[in-house]
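The letters A, B, C and D name the chains in turn, as written, and every chain counts its residues from 1.
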Amino acid sequence: MTAFDTLLDGYRRFRAGEYQEQRRRFDQLAIEGQSPPIMVIACSDSRVDPTRVFDVSPGEIFVLRNVANLVPPYEPDGGQHSASAAIEFAVTQIGVAEIVVLGHAKCGGIAASLTGRFDGAVAGEGHFIDRWMAMISPARDAARAAAEGHPDIDAQQVLELAAIRLSLDHLRSFPFVAERVAANTLTLRGAWFSIGDGSLRVLDDATGRFEPVAP
Amino acid sequence: MTAFDTLLDGYRRFRAGEYQEQRRRFDQLAIEGQSPPIMVIACSDSRVDPTRVFDVSPGEIFVLRNVANLVPPYEPDGGQHSASAAIEFAVTQIGVAEIVVLGHAKCGGIAASLTGRFDGAVAGEGHFIDRWMAMISPARDAARAAAEGHPDIDAQQVLELAAIRLSLDHLRSFPFVAERVAANTLTLRGAWFSIGDGSLRVLDDATGRFEPVAP
Amino acid sequence: MTAFDTLLDGYRRFRAGEYQEQRRRFDQLAIEGQSPPIMVIACSDSRVDPTRVFDVSPGEIFVLRNVANLVPPYEPDGGQHSASAAIEFAVTQIGVAEIVVLGHAKCGGIAASLTGRFDGAVAGEGHFIDRWMAMISPARDAARAAAEGHPDIDAQQVLELAAIRLSLDHLRSFPFVAERVAANTLTLRGAWFSIGDGSLRVLDDATGRFEPVAP
Amino acid sequence: MTAFDTLLDGYRRFRAGEYQEQRRRFDQLAIEGQSPPIMVIACSDSRVDPTRVFDVSPGEIFVLRNVANLVPPYEPDGGQHSASAAIEFAVTQIGVAEIVVLGHAKCGGIAASLTGRFDGAVAGEGHFIDRWMAMISPARDAARAAAEGHPDIDAQQVLELAAIRLSLDHLRSFPFVAERVAANTLTLRGAWFSIGDGSLRVLDDATGRFEPVAP
């Protein structure tokens, strides 16, 4: 049995089970279209499915997933920008009320950035990963500097959190995001999930820190 | 209660429920790292969560989600390519055995491409969406031509399927993908999910068509 | 218990239930005769009862049902024409104001036409089905041509819709239909029902397409 | 509001009501195809919907409806025979176990035959009806003769019942029907529904009469 057969078996379970149970909801979603109130920007990591971590129903979250849950800065240069297209769709077409950047522990993309092991790599050996992660170079440099001579600082986790902050800054650089944030019709959130202990931390505007969510 | 509070409530359910039930698995995934056998490239659409449609366990699928589940062609130009980075990570770092491009019915990105309603739009009014969807212009033109004078042809569905084929072609343009496909260590799949009736079709190499999956 | 016993049980439920509830209506219909304002031409398929799909009361629709809901062209050749007799009865004797041709998804007759699997068959092995479906050969050829080289075009659905259009054309070939359509005392409609998701599409004169009916 | 709008309203009730309640059944019927155990040949009359009279579920009966629920004799002449195509489909493709010819009281087609009021009519004034009903001329002549000089014999009802017997004879003239009847894999039934009092009579092989079904 191939891995794909496993997916098809999973589909059959879904079709006979959850799909039937949520039939009216899927029906309504097919007929009326989607209108999720939230966009979640998450990592491609197989261990951090936002559908699962937030136990959402079909139609609740519009999801962008890429390596290390990054948002690039606003660049209306005519290029093909995956994240910018998704953000524009969510904000201006769907009209989501919140955008959540969800990072996580033990992120492979963040590790690649921190160790610099793909510096100068050719395509197929880390080149695209390196180019993608270059987006957070300022945060990477700051995390390295902060951890320099401080053996007890977890630079990986520092960078994971800093990258979320940077993505939130990048989000604010989009004029159509900034306008709505200013008008209080759009709220930006940062969150970080720890696979090992299941804890979730949320960036708290009051304290300026990622604070644990009480269970 | 804000939409985000709903997510936090969902997280608490997850933390107390599924996370506890799958505790050993999450523990192992945190300690040993991820090794998903499959990458799924899916749409950001809130109605088509691959985690749900394939009823997967944590750690089973590495997921890229963007508008209309598109894969751009191989362009090692030093730019920041979200999809290319994720594909490189999945194929060369994780070593997935299969990549599934999962499209779906009633896709908003496909509709935007077909209708051309964002042609020449400025940023914040569809510009990024238009630029992103320009990637499938050849398939869009072909779908329009096929439906020209045939009012009973569902051009939207034709384009949804054609875009999956195009993404599979683009995947094959990545040398590190092509090599592994040639060596039979990587298999590419196309699939399409219909929200309204819950059916799934899979591109069949033998027939060259998207064939329904038997329940 | 034979299948027929099941029908008799159903009759007893009807007799004790709906018949009693609609007693005045059935009484009136027996005494005054029928005067349904609409004729519905539907398929023999067991999954698409027009009585059910349109939730009609007794006496509301005059119904012709045959394989693939076809209307043959006007042929006053003295032969025994089932559909022509029913149409003549509905239009000239009852004076219906509308005729609806109701097609549907996954039609076995349409599939037989498209695949040509009964071509040249002898009676008892598809001969009568083949001869009956030959009526839509022009539409069948057009559907095949449209789908030629386009594996993503659903030729079956294209032909289901085209056959409805053709039946509407055939209806207009009856002089007593054409006269009344010209005088605005008779309206012709095309509709298509999808068993799998319960959606109904109606041919829209303005757009020339089968458009979904809003729920 | 046109009569068609009434149908669309009915569809909306069906879609929101019965379709949802029978969702799993429709689902299964869409996926697995139809396999009704019975074919019902009924009249187009708006007062006698077999779906209603037998209170069947979706998928239970394959239905042919024409004026006066007639079956023509077996004529493999290459012509387009609506009833023969439907019977062939039901018997040889679906494999129904029973065929029920359901007649009814106050049938307009039978009345036309009996009175001969469309004799020699031109198309649009009863020609097609006359040609269609000519099929039961022998039974019509017999009914007229039987009632001649017997004012208390209800010739209309006599002919309605005789026409059902004739259709059953015609059914047996189809070789693929006769074979299965001989092999006991197919049973033919005659039934007659009275609109005015809701009674149903079934042709009893033992008595050779149409006997009332006990409520």
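Just so we're on the same page, a residue touches a chain if its C-beta (ideal position, glycine included) is under 8 Å from a C-beta of that chain, and two chains touch if they have at least 3 such contacts.
Which chain is which protein? Per UniProt: A, B, C, D = Carbonic anhydrase.
Just so you know, these numbers come straight off a predicted model, no measurement behind them.
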item	value
From chain B, the most remote chain by mean C-alpha position	D
Interface residue overlap between copies chain A and chain B, same or different (over half shared)	same
Separation of mean Cα positions, chain C and chain B [Å, integer]	40
Whole-Å gap separating chain A and chain D, where each centre is the average of the chain's CA atoms	63
Interchain centroid distance [CA atoms averaged], chain C/chain D, Å	16
Chain B residues counted as touching two or more neighbouring chains	196-199, 215
Chain B contact footprint on chain A (complex, rising order)	2-4, 6-8, 10-19, 26-27, 29-31, 33-34, 36-40, 44-47, 49, 51-56, 58-67, 70, 72, 74, 76, 78-90, 92-93, 97-98, 100, 105-106, 108-109, 122-129, 131-135, 174-176, 187, 189, 195-196, 198, 200, 202, 213, 215
Residues of chain B that touch chain D when the two form their complex	197-199, 215
Footprint of chain A on chain D - complex, ascending	20, 23-24, 27
Chain B residues within the chain C interface of the complex	146, 150-154, 157-158, 161-162, 165, 194, 196-197, 199, 207-210
Of all residues in chain D, those that touch chain B in their complex	27, 30-31
